[in-house]
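Same chain, two partners: subunit A is paired with subunit B first, then with subunit C.
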Partner chain A sequence: MALRKFFIKRLFQSIIVFLACSAIIFTLVRLSGVNPITSILGGGKETPEAIAAVRIKYHFDQPLLVQYFFWIGNIFKGNFGESYKFLQPVTTLIMERLKVTTGLILISLMITPLTAIAGGMLSAVKKNTWLDRFISISSLVMLSIPSFLTGILMIFIISTFTPGISFVGSFQNLGEFFLRLIFPAIALSLSNIAIVLRITRNKMIEQLNSNYVLNATAKGLSFRRIIFGHAFKNALSPILTIVGIQIGAMLSGTVLVENVFALPGVGSLLVDSIKASDYPVVQGLALLFIFVFVSINLIIDISYGIIDPRIRVNKS
Partner chain B sequence: MKIKKALVWWFVVLLIAGTLLTGCSNSRNAATADLKTFTVGLDSDARALDPAKGYDHDTNAVLLQITEGLFAFDNSGKAVPALVKEHKAVDPKTYVYDLKDKVTFSDGSPLTADDVVFSLNRQMDPQTASDEGWMFSSVDSITKTGPLQVTVKLKAPDALLNIKLATTAGLVISQKYYGAHKDTFGKPNGGILATGPYVFEKWTSGSEIVLAKNKNYWDKSASLIFDKIVYKVITDETTRVQAFTSGQVDFIYEYPIEQVNQIKADSKLRLIYADSLCTNYLTFNTKREPFNDVNIRKAIYSAIDRDTIIKNVVPNVGVKANSLLFDKTFIGGVEDLWKDYMAKAPDYNYDLGKAKEYLSKTKVPNGFSYTLAYRDSTQKNSIALSIQQSLKELNIDVKLDKLTQEQYLANKFGNNIKNGAGDYDVLLDGWISDFPDPDGDLTPLYATSNFGPGGSNDAGYSNTTLDKILSQQISETDQGKRARLLQEAYAIASEDIPYAPLFYEKRIFGINKDLNLEISASWLYNLYFKNITSK
Partner chain C sequence: MRRKLILKLKNQPLLAPSISIPFLILAIFVTGAIFAPFLATHDPNRLDLANTLLMPSRDHLLGTDNEGRDIFSRLLFGFRPTLLGAIGVVGLASIVGVFLGMVCGYFEGLIDTIVMRLWDINLAFPTLLLAFVFVACFGKSLMNVVFALGIIFMPLITRLTRSLVLTEKNKTYVEAARSLGYSHLRILFVHIFPNCIQTILVQVAISLANAILDLSALSFLGLGVQPPTADWAVMLQEGKASFLSSPVVVLAPGIAIILVIVSINILSDGLNTYQASGKE
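Presenting the complex of A and B:
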């Protein structure tokens, strides 16, 4: 019963956060001072009749508060408005591009934990050897280079040494889809790999130094058994938490990476829309990002609540 | 043990991916060598494949291959008949256009006067919210007066009518097709049907647009060397240039000037320097002290060394401007009427002595300080610094205010007017004329009526004599008389100098060296890929 109450309370809080953010976005976007009619009509030297028609169509004749309720009310009906630039429903634009971004994050999620955990474990087991130092230094480098720079460097390298590999190809089939996404996914993953790797290393070393490992060694268990059967299992839960949180970070990373790799995902759409003062799309995307962040937090909170009853008692 | 197994699997996956990559890259190499497909790198997706939204180069890159208009600009900037066979002005307010017969849409159906009347009226209708709607402000009605005849009646004579019809405003679409695709017309799932050499095939939003050769193209004299035109949306400049230099795209708009030297060494690529209708200038806020004094404007202009700025900042693309927003690209077809004028067009030379003299006649003979605002970019920043340096000689202290794109737009089009004046001192700005005619600059920038919301007279300039001349020349259909009126207007503009022109800016296009294409100043409206020939 307590769990249900906890769940409802968290859900309710999330909805409030979501609504508050929507109001903030709506206001922020309008603070820029750019007249949206300029972006809809391209220039601004239009006839008064054309300007009047646009004002009515997009409700610019109404006060800001009314415009906000129009917008938020329509969202609950599944209508995010129409793009000023592309004259298409925002939902259509976002849905079309969501598959690229989702693919990018999924591939990145395949690369990150596996590479990072393998590297981190190796580093921990071979602590203070040249291999450990090599891994540590490379991960430091990976962490320090922002993902868009990695992307630009990758494009330079690809186009100089293997000009045959296209980074502007289309998405005819699954193979091409994968080909287009693998390099950006690597660029997106590098810094995340470094973070997860370092945490894995620290947690593993912590476990390897603990008494139960000493006990297991004394019992005569094989080294392999100790590493995979005991120490790693105990180190895993904090690692997974970090990976979960990084999905959010990846979403913001896609904004930069997609732009560099000319990928038609939501990230490049966001950049494009900001450039064009395309308010409805900017708002819709910001709302989508907030939704993902809030949902991930909700899921993490609730799963903690399920795993560890102390949390839900303390918080409620 | 499970984890070890997973790791092994992971390496297998990576291996397969690696093999796939090398395998596919080989097949791709072969594809780029084939010039049956022309690949264009766009810096942004097209807005809509709709003539009503044909106002930026990305949209027009696609639109101009599919659609054709009543007129088109030739490479000298003159509006010449395209879909029109004959045209005449019955009186200064009535124009009759006879269409070419045997023109067909790409589905084989014939082009009729109905399609033309529909297309133009649609542009004119405020409900369409067309970007070019304002071009029809002088038009009273557009009607069909025969199966292949269209008559345009004007409210007042308009010297620019045929010029406007040579822009995207005059593009013709199929009325039948529009009727069948009302809600999706021009969008990725609706497309467009017109008479041009290429037809719409596919549009993946944000990524790719594909056109195919029009098998029914009416103009049999055209030699279309491409079977397909593929547009790739590559928003990042570095990536776009890399896609071009590695041969993944054959053509890009706007090659960055800083990287011009990279190309010289490479034999597969060529850069085309095209004239443009773009002038870079300083906008003086003539409604604000001390810039309301013409001597201040003259002092500042005389103290700026345009040659040095061009040499240091825009060496390959800057063409020195005289005191007018005007050069040869604006007088296509009427060069003779302008030859004498061009030779002795008024100008201010770089002359510090004169500058000090002008300054001594003002209220601030010992100098003052002001803020120069501009959209932040490497180029603009270098120009601003150079101006700042030059004006120190006059003891004028220039503060630089770098604006974001948003802040920049917030200053434009009368968006930032407080107490009847723009809220800025001087802007480092530019203007691209809407068509290759002097009036593309004069009326928008100098007419009193264009100060205020929606207008582009950012200088807040007002001169009743000039206003009168501007409204006279627009109704003057005699070319000689009109040229003389425009020259009078220029004389006033040069004397009052609310804008201080610095240079005209060429545009750099990148093209595959195996292809030939001539690009003229009106490229926004006449960059037709059907004109490309292969070497």
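Presenting the complex of A and C:
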């Protein structure tokens, strides 16, 4: 019962946050001062009749609040409007490019938690040895290299030593798709791995110094059992929170990585649209990013509620 | 006598290598940026299409880029926009963030709820997305990017300050100040603030590193600092294509960015440990 109440409450909060974000984006675009009618028509074609037609077609003749509700209502119907630049529905444009970005994020999501948690736990268990220092220093360096620089360096190193791998051209089958995406995905993951790794290490050390671990050791439990059965379980929820936040960083990170590796994903679409002041596409993509981010955080919060009953009580 | 001095210096935690070395590296880069007009060997923006992609030599210390501009001179000037921008971002975020955090933590109540809910909405934007939307609406420029990043960085500093004030305000010295009849503002800014400043400064240092990273990312995408202005990220974007034939074009600004960020990160880590050891 408590779980259901908690779930409904969190769902409700997420919807409000999403609507608030969409309102902010809508207001920002309208505050921009750029005349959208000119952008739609393009230079030279601004006859009074054409302007009037566009005003009615895109509801620019209505008050701002009404325009917002038109916009948000259409979005719930899956209609994000039409791109000024490509003259295609935004949904089609995004769908075409979603494959690459989804692939990138999924591969990153497979690499990041696994390596980061394994590395962080190893570092915590071997605290103050050379291995721990090595992991700590390399994670600090990984944290400090921007993903676009990692990408450039990777292309350089790979094309110097293995000229066979190409970073251009299209991909026909799943194998080629994976090969093209694996290096960008690594470039995207490195700094996230470092952040999650450092948190894992700190939380694990905190748990390993606690009394219940001392008690478990005194009871004669095996080391493995203490680490995986007790300490890790308790360190897991803060680690999950960070992974959730990092997915947000990943969403904007794809924009950079796609730029470096010349991949046709939604990130490169976003940059092109920003440069061309193609507002419907920018708005649509921004909403998509926020929707994904809010949903993931909702899922993580709810999974806490299932893992750790204390949270249900505290938050509701 | 000399041994004693060395021992004394060794035990001085602020001179530990984890603090002094990154500090030195940062000092070199910042000095280079400040005195760029005096240190540069060439005009950073002068094109010389006859001498493109030269290897490092005595005339061009780090060679030239694909438009014949001197890389060493561009490297010196190239830290200026990012450094100024990052200081702007962190300055804006800290002034607003610390003020809001202190007020929210001290008074709680309605204002606290409003500010915290607003920041929850701010945090629901994936990193950089707000900056992207901002640039899309108000144009590509360093100023717009700095303003957007300033807003993005505010919630973190607000939350940190708020949590510090929440614990500080229940301590005995605050009660003592209150019983002496001091005003809320005086207690908040003269008594509580100095006790929080250390922890806030570490967060400010970390934010500075992140601000440089984010500014570089946006400039790299062509949304922040605009070419032909010398900037490390702009240099990376322009040099990307000629990397294979002339690696210096990318390696020089690339290594510079890495050194600066690694130094700030080690420095903030070191300060954190120093602060923790001071509390024990």
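We take it that the second predicted complex is superposed on the first by the 214 of 316 C-alpha atoms of A that agree within 3 Å, B and C clash if a C-alpha of one lies under 4 Å from a C-alpha of the other, contacts with A are read in each partner's own complex, and residues count from 1 in each chain.
Basically, contacts are C-beta pairs under 8 Å (C-beta built on N, C-alpha and C of every residue); 3 or more make two chains touch, one makes a residue touch a chain.
Just so it is clear, the model here is predicted, and its values are computed rather than measured.
> Quick one: subunit B or subunit C, who's touching more of subunit A?
B
> Identify the partner contact of A:S252: answer first if only subunit B is touched, second if only subunit C is, both if each is, neither if none is.
second
> So, A:L214: does it touch subunit B (first), subunit C (second), both, or neither?
In the superposition, A:L214 contacts neither subunit B nor subunit C.
> In the superposed arrangement, does A:A50 touch subunit B (first), subunit C (second), both or neither?
First partner only, subunit B.
> Does subunit B (first) or subunit C (second) touch A:A20, or do both, or does neither?
Second partner only, subunit C.
> Looking at A:I306 after the superposition, I want to know if it touches subunit B, subunit C, both of them or none. Which is it: first, second, both, neither?
Once the two structures are laid over each other on A, A:I306 reaches no partner at all.
> By the touch definition at the top of the document, which applies to A:V66: first (subunit B), second (subunit C), both, or neither?
Neither: A:V66 stays clear of subunit B and subunit C.
> When the two structures are overlaid on chain A, which partner does A:I152 contact: first (subunit B), second (subunit C), both, or neither?
In the superposed model, A:I152 contacts both subunit B and subunit C.
> Once the shared chain is lined up, is A:V141 touching subunit B (first), subunit C (second), both, or neither of them?
second
> Name the contact category of A:S277: first (subunit B only), second (subunit C only), both, or neither.
both
> Of all the subunit A residues, which ones make contact with subunit B and with subunit C?
Touching subunit B in the first complex and subunit C in the second, residues 32-34, 152, 155-156, 159-160, 259-260, 271, 275, 277 of subunit A appear in both lists.
> Can you list the residues on subunit A that touch subunit B in the complex?
My answer: residues 32-35, 37-38, 40-47, 49-54, 57, 85-88, 92-93, 96-97, 114, 118, 152, 155-156, 158-160, 162-171, 175-176, 178-179, 182, 228, 232, 259-265, 268-269, 271-272, 275-277.
> Which part of subunit A faces subunit C closely enough to touch in the complex?
Those residues of subunit A that touch subunit C are 17-18, 20-21, 24-25, 28-29, 31-34, 140-141, 143-149, 152-153, 155-156, 159-160, 247-249, 251-252, 255-256, 259-260, 270-271, 273-275, 277, 279, 282, 286, 289-290, 293-294, 297.
> Can you list the subunit B residues touching subunit A in their complex?
Result: residues 1, 3-4, 6-7, 10, 17, 20-21, 24-26, 28-29, 32, 39, 41, 44-45, 47-48, 50, 53, 55-56, 126-127, 129-131, 133-134, 137, 186-188, 204-208, 232-236, 238-240, 242-243, 245-249, 405-407, 409-410, 412-416, 444, 450, 453-456 of subunit B touch subunit A.
> How about subunit C: which of its residues touch subunit A in the complex?
Result: residues 120-121, 124-129, 132-138, 140, 209, 213, 216-217, 220-223, 236, 240, 243-244, 247, 250, 254, 257-258, 261-262, 265-266, 269 of subunit C touch subunit A.
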